[in-house]
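Chains here go by letter, A, B, C and D, matching the order in which they are written, and residues are numbered from 1 within each.
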Amino acid sequence: SSGEPDQAGGSASSEGLVVGYDSYFVGNTWSAQLEAEFLSATERESADIADVIVTQSENDAQTQISNVQSMIARGVDVIIVTPISPEGIVPALEQAAAADIEVILSASGAETDTYTSYINVDDTDFGATGAQWLVDTLGGEGRIVALNGIAGVPTSDLRYEGAQAVFEAAPGIEVVSVIDGGWDQATAKTSVESLLAADPDIDGVWSQGGSMTLGAIEAFEAAGVPLVPMTGEDSNGLLKKWSSLIAEGGTGFDAIAVAKPTWISAEALETAIAAARGEQVTKDNLLEPEVITSENLDEFVRDDLPDSLWVNTRMTDEEVVALFG
Amino acid sequence: MSTTTASGSRTDPRSQSPSGSVAETLRRVPAQLWVAYGLVLACLLLLAVSSEGGLTLPRLLRILSNAAPLGVVAIAQTIVIVNRGIDLSVGPVMNTAAILTALLSASPGARPLTTTVLVVLAGGGIGLLTGLLLAFTKIPPLLGTLATATVIQGVYSLATRGQPRGSVPDGLRDLADGRVLGSPASASLLVWLGLLVAVGAVLARTVAGQRFYAVGANPRAARLSGVPVRAHTVAAYCASGALAAVAGILLVAYSGSPSLTAADPYTLNSVVAAVIGGAALAGGTGSMTGTFAGVAVLALLTTVLNSFSVPSPVQLVVNGAVLVAMLLLNSRLTRSRRR
Amino acid sequence: MPELLSTTASRSVRRAGLLWLLAVGLVVVAAVAVPAFRTPVSVGSLLASMAPVLLIATGQAVAVLSGGIDLSVGAVAGLTTVVLSLYLAVPGGAPVALALALVVGLVVGLLNGAGVLAGVNPLLMTFAAAGIVQGAALLLQSTPDAATPFELVRVLGTSVGPVPLLAVVALVALVAAWWWTSQSRLGRVVQAAGYDQRTAVRLGLPVRRATLAAFALSGLFAALGGVAIVTRTFTADALVGSSAVIDSIATVLVAGIAITGGVGSVLSVLPAAVVVAVVGQVITLTGTDPYYQTIFKGVLLLLAMGVYQLAGDGLRVPWRLGRPALVRPAGLA
Amino acid sequence: MSRSFGATRAVQDISFTIAPGEVLALVGENGAGKSTLMNLLVGALEPDTGSVRVAPPSGPHGRRVAMVHQELSLFDNLTVAENLELDREGGGAVVSERASRASARSVLEHLGVDVSVDATVGSLTVGQRQLVEIAKAVSVSPTLLILDEPTSSLEGPQVALLFAAVRRLAAAGTAVVFVSHRTEELFELCDRLLVMRDGVQVEFGPLAGHTRASLVESMVGRETSTLYPGRAPSLPPEPEIELVDVSLAGRLHGVSLSFPAGAVTAVTGLDGHGQTEVAEILAGATRPASGTVAVHGVPVRFSGPRAAVRRGIGYVPPDRRLDGLLLDGSVAANATLAAAPRVHPRGVRSPRRERRVVQGLVQRLAIKASSLHQPVVELSGGNQQKVLVGRWLLVPGLRVLVLNDPTRGVDVGSRAQIYAVVRDLAASGVAVVLVSTDMQETLGLSDQIYVLYSGRVSGRLLAADATERDVMHHAMGGDARA
C-alpha cells in the first residue's frame, strides 16, 4: 500500500493494521521529514499494514484533538501522534484507550500515562548539551546570543530552559540578547544583523535550530564581523557550510550540532506494530540527543544531498531526493 | 482675490495665495506624510544613540537593503489601496514565488534571469485572476483576496505537501547579499528604489496613473466618465501580483530557502506601511513617497527594538502601540483639516 | 404561530433560507453516507470544536454589523487562556480568574471601539490591538506560576452525553446576541449606524454607545471563545486563536452578513458554522487529503460571496466598502 | 444669530420670529445659509452669537421640534417601521415590534402614504422614501416642523399629500418653516417670508404681495428674466441618436425617442415612469433588454458608459456626490476626468496644459474656487454641479450630452449659467437630452419634450407652444389612460 490515505477501511482486518498518523505540522523541513520518515517506514512494514490514515493538524491543538477523535470514530487499530498540547490531548487519548486503540506518542509527550509508548529526545537535554559545549569552548567566559524558536512553544521553551541552567552555572557567561528567530533563517539573519550593528562584541551564539544558525553565520558575514563558535542542529545545509568553513580554515568558527532525529516517527511505527502484535514495548523510550562535532562531521555531512535534509535519518537517499528535490 | 472668481462676492482668504505656488503645494502635502517622515527621523535618532557605533551610512543602507522585500510588496499594496482595494494575498503570493524560484532553479539548465521572469509572470498571472474575479463580480476585495489567499495557500501546501523543493542559486542570492560597487547597499535595495521611482512616476505623471486615483476615489463617477474601471482594477491586482512575486524572490534571495509561511507577516505589514505612509483604505489616496516612509519606519523600528535586545513579545506590544498612536494621530490630523 | 416568531426573526431566517436548508441537508447527508459521522465520539468532537468558532464568530458578526471588523478576536482568545492560567496569582482563584479573563476581553473590545470612534479604520485598529494583546499574552504566559486550573476547566468542559456544555452556552449566547442586535434599541442603532454612520450621527442616535457596545461584545465573545478553547486544549497558549480570525470572518461571510455593515442577521451564524464544520468533519472522516480543507474554505468563501451577490436585495453594498472609517461629519457636534 | 465656518460666514445677524400655526417660507440662493440657520434653530449647531428663544412649553408633551433634513435620513437596510421607531424619544431599551409596526402603520395611513411598514427602505422609490421621511417628522406631532427642501424628489400628487399634511399640522398649531427652491410651492403653502442672501437676512415679512419675479429678485438681488436662454430656431429632422422600440424588464415598454443634434430634448414624466432608465440607456450605463440604440441611424451596442463616451456621449448623473465627483479630488482632477486622454494626448500628464484648459473652463462657468487644486468637497453645491457639467465641455467631439436632473438644489444664478452653457452646446450642434422633474426647467430650456408614463411614451410636445397643463396631462397617462 502507498503512503497516501485511502478510503476509510472501517475495522481492522486480520491481515493487517489500520494505522492512524497525525502529522502535527509540515511547515518546516524537520517536521516534514518527520512525516516522510513515517511514510517511508510504512513502506518497509507494509506486510503488517492494511491501511494508513494520515491527518494534518497544522500546529493547531484543537485540530489535532479533532483529528485523533476522527481516527477513533473510524476505528483504527493504532494511533501515532505528536501532541501539540500535552494536557489537551489527554481526553482524546483516554477515548482511544477506551476503544482499545494502541497509542504511540512520537517526539512530544502528554500529561497522562494513558498511552502505549512514548518516544522522544529530551528537549531540556538538547538545549543543555549545546550550551555546555559552548561554555566549554569559550572557556567559561564570554558574551553570547541565544536564538530561540517561538516563545510559548514547548520545544522552544524547554530547550532554552536546559541551556539557561547551564549558562547560569557559568558565572563568566553573559547572555546579552535572547532572540526569537522562529526557527527561520531570514528572521534569525535580520535579528542578528541588527544586533551586530549595535554591538559587534559577541563571543558565541547558542542556537536551537539549524537554519537559524545558518542565518546567524550569514549575518556575521554580512556585517563583516569575524565568526564565533555557534551551536546548531543536524541540518545538512549547516553541516555543508560548516565543513566548507573548515576547508577555508582560519576562521574563529566552531560548532556542535545536536540532533533530535526524525526517525523517531519510524521508531514509533515499529513500536506500534509490536504493541499491536501483543509484544511488550518500552513505555517511556527517552533517547539521548545525537551529537555532531568537528571530529565526526565528515561521517554526517552529505554534500550530494540537499541542504534541507536532517542527516539523522533512516530514509534512503532516493527517498530523501524525492522529498527535498 | 482669486483669478478664478468671476462674479464672486464671497471672499476666501486662501485665495490670496496664487494657485500652483510652492506654498500652495506645501499646504496640500498630506499631514500624514509629515508625521511619517517625523517618525522616520525619530527612529534614526534613536538608532544613532542606541548603539556604540552610532548610525553610519553603511548601517542604514544595510537596514534598508534588508527591508527591500517589504518595500516592494508595500508598493504592490499601495497600488491596490489607491484603487480602493486591499490585497490580502500578497503574503501567499510571495511564498508561492519563493517556492517556485527554488523549484525552477533546481531544474536542469535553469538560469536566474529566466527563473525570475517566469516567477514574476506567475505572480502577475495570479494577480490577473484575482483582478478579474474582483472586477467582474461585486465581491469586496477584503474578502475576495482573503479567499484567494486561502486557496493559494491550500494549493501550494497540497503541491509541496509542506516541503518546498530545490534551492536558491548563488546568482540569485547575490541580489540580497552582493555589494553594489563595493557599497553596503545590496542589489535588492536598488530593485526596490527603482520600482518605487517607476511606479511613482506612473501614478503621478500619467493619465493612467491618475485614473487609479479616480477609480479609488469614486468608481461610479469614474465609470460614468468613461474611465475603464475594470481594466484599472485588473491592472492594479495584476501589478500587485507581479510585484509581490518580485518581493518573494528578494525574500528567498535573502533567506536562502523557500518556506510555506515565511512571507505571511508581509501581508499585514505591507498594509501597515502603506497606511503609515498616508494611504487610506477608502481609496483614492496614497503615494510612493509616503509608502517609502512607512516601510522605513517599520524597518527602523524593528532594528531599534532589536538593538535594545527587546524580547519579541515586548516588540509586538511596542509595534502595536506605535501603530495605534500613528493611526490616532492621522485620524486627528485628517479631521482637523476637514473642518 | 408565526406571530410567536417575531417578524424580524422570520425575516432573517427567510433571507438565509438557502443556508439553513444547506446546513440541515449536509448534516442529514453526512449522517447517512458516512457511518463514522454518526458515532458519539465524532458528534462530541464536532460539537466541541464548533463551540469556540460559534462564540467568536458571533462576536465578529456583531462587530461587522456595526460597520467594523475585529482582527483581535484571536489574540483575545489566546490572552483569555493565559489569564485563566494565572489563577494561582489571583485572590479568589480560578472563578475570579475566569471573570477577570472575560473582563479583559470586554476591555480590549471597548478600547477597540474607542479607537474606531476616534476615527481609526477598524481593520487597522483591531490589527494593532491584536499585536499588543498577543504580546501581552506571551509575556504573561512566561510567568513562572502559570498553571492550568484543571478543576474549573473540567467543570466547564463537562458533556451531557456527547453534547459539551460549552456548545450549549455558545448556542444560547448566539441567540442572545441576535436578540440584542435586532430587538433592543441600542442593537438597532448598531445596525443603522453600521449601514450609514453619517445619517445616524445626524439623527442624534447614540452612535458612540452603539459602536462601543458592538466592539465590547466582540471582545467578550472572543474571551468566551478562549474559554471554550481551554476546555479542549487545557493549555495556556497565547497563539491558540490565530486561526480564529479568518475562520470567524469566513463564517460571518457565509452567514450573509455584509462586510460593509448593517445588513444580515446574527442568527445565520449558526447554519454557516454548521456548514463549515460538517464539511470539515466529512473531509477528515473520509480520509480526503486534508489540504483540500484549506482550499475548500477559500472556495466556500468565494461561493458565499457569489451567492449573496446574485441574491442582491437592492442594497448597494459593494461600493460602500470604501466608506471612510467611523468619522463624525465635520461641523456636527 | 450668527455662525461662521472658518472664513465662511454662513449666517450673520438673523432675527426672526415664528408663531404657532404659521408657515414661514425660507428662501435664498444655494449657500445663502438656510440649512445652517435651521440647524441652529434645532440645536444641531451652536450659534457663535445670539440665541433661540421659545415660548414656555404648552401641552402635555412640551416642545417638540422635528426637522426633515435636506438629505434623506433613512436607513436602507431597515424596514419602514424600524426606521420610524429608531429615533423616537423615550421608550425602553427594548423595542416592541408589534407596537412599533402598528404605530408606523397608523402614521403612514394618516399621511395617506401607501407603503408597507415591513418593506425594507432600500426597496422603495426615492419619492416613497421622502414620504416616509416626512412621516417620521410628522409622527411626533411637533410644535415646530422644519422642512428643508422636502419636495426636491417628490412628484405632483406626493407634493399634494405633503401639503395637506402640513396644512393639517398648521391648523393644529404647529409652526412650520418651509425651505424650497420651487417658488410656486411657496405661494401655495406659506404665509410669511424670510429671504437670505449670503448669510444675511434681506427680507422678513408677509409673502402676500410678492410675485415670482420679485421673490427671485429679492433672493439674488438682480433680475432673472433671462434665466432661460432662447430656443433653437428650428428642430432639425435628422436624429443624432435615437432609441427604437426599447424595452427594459418592467421599466420601459417599446419606447422610441429621437434626439436631434443642435436641440435640447426633454424627457419628463412623474417620478419613476422610466425617464432615468432612458438617460442611463443613452449613457451606456444600462443595457436595454430589447430594441436598439442608433447613432445616425446605425444601431450601436454599448458595453458600458465607456463605449458611449467614446462615441461622444456625455452623462451628468443626478447624484453628484455619489455618482459624479471625486470629492477629495481637485477641481482640475474632476474637470479633466472624462477628457484626460484628450488633454494629455500621449498619456503623460502636462500640468501646464491642464492648468490652461481647466482655467478656461472655470472662467467660462464662473466657478468659484480658491484654486484649481482645491478639493471639490470644499466647493458649494452649485459650483460642484458646474464642475460636473463642465467636465463634458472639455471633451472634444462631444455629440450628445445627457443631463439627468442637472440643477437639483442649484440656485437661480448658477442655474442661469448652466442653462446658458447648455444652450451654447446645443447651438454648436450637440444633441442635448434633459431629464428633469422640474417642470419650469423642462418647459423653459428644451425645444421638444417627450413625456413618459408607465414606461411608455405618452406624448411628444414642441416646447415652444407647450404648457404645464399639457405636460401634466400626458404625465398622468394622457389619452392612453382615458
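In the analysis below, a residue touches a chain if its C-beta (ideal position, glycine included) is under 8 Å from a C-beta of that chain, and two chains touch if they have at least 3 such contacts.
Keep in mind that this is a model prediction, so the values were computed, not measured.
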| item | value |
| --- | --- |
| Pair exhibiting more inter-chain C-beta contacts, A-B or B-C | B-C |
| Computed distance of Cα centres, subunit B from subunit A, in Å | 36 |
| Inter-chain centre distance, subunit A versus subunit D - centres from mean C-alpha coordinates, in Å | 72 |
| Whole-Å gap between the CA centroids of subunit B and subunit C | 30 |
| Centre-to-centre distance between subunit D and subunit C (centres being mean Cα positions), rounded to whole Å | 43 |
| Subunit A: positions in contact with at least two other chains | 151 |
| Residues of subunit B touching at least two other chains | 157, 161, 220, 311-313, 339 |
| Shared interface positions of subunit C, touching two or more other chains | 138, 142, 289, 291, 331 |
| Touching pairs among all chains present in the structure | A-B, A-C, B-C, B-D, C-D |
| Subunit A-touching residues of subunit C, taken from the complex the two chains share | 35-37, 39, 41-42, 44-46, 48-49, 52, 138, 141-142, 148, 150, 157, 229, 232-235, 237-240, 243, 281, 284-287, 289-291 |
| Subunit B residues touching subunit C - in the complex, by the definition given at the top | 84, 133, 137-144, 146-151, 153-155, 157-158, 161, 216, 219-220, 268, 271-272, 275, 280-283, 311-321, 323-324, 327-328, 330-332, 334-335, 338-339 |
| Complex interface listing, subunit D residues touching subunit B | 5-8, 198, 283, 285, 304-306, 308-310, 315, 317, 322-329, 333, 337-338, 340-341, 344, 347-349, 351, 355, 359, 362-363, 366-374, 391, 413 |
| In the complex with subunit A, residue positions of subunit B that touch it | 50-53, 59, 62-63, 66, 103, 106, 157, 161-163, 165-167, 177, 251, 254-257, 259-262, 302-303, 306-309, 311-313 |
| Partner subunit D, residues of subunit B touching it in the complex | 2-15, 17, 19-20, 24, 28, 205-208, 210-211, 213-214, 217-218, 220-228, 284-285, 339 |
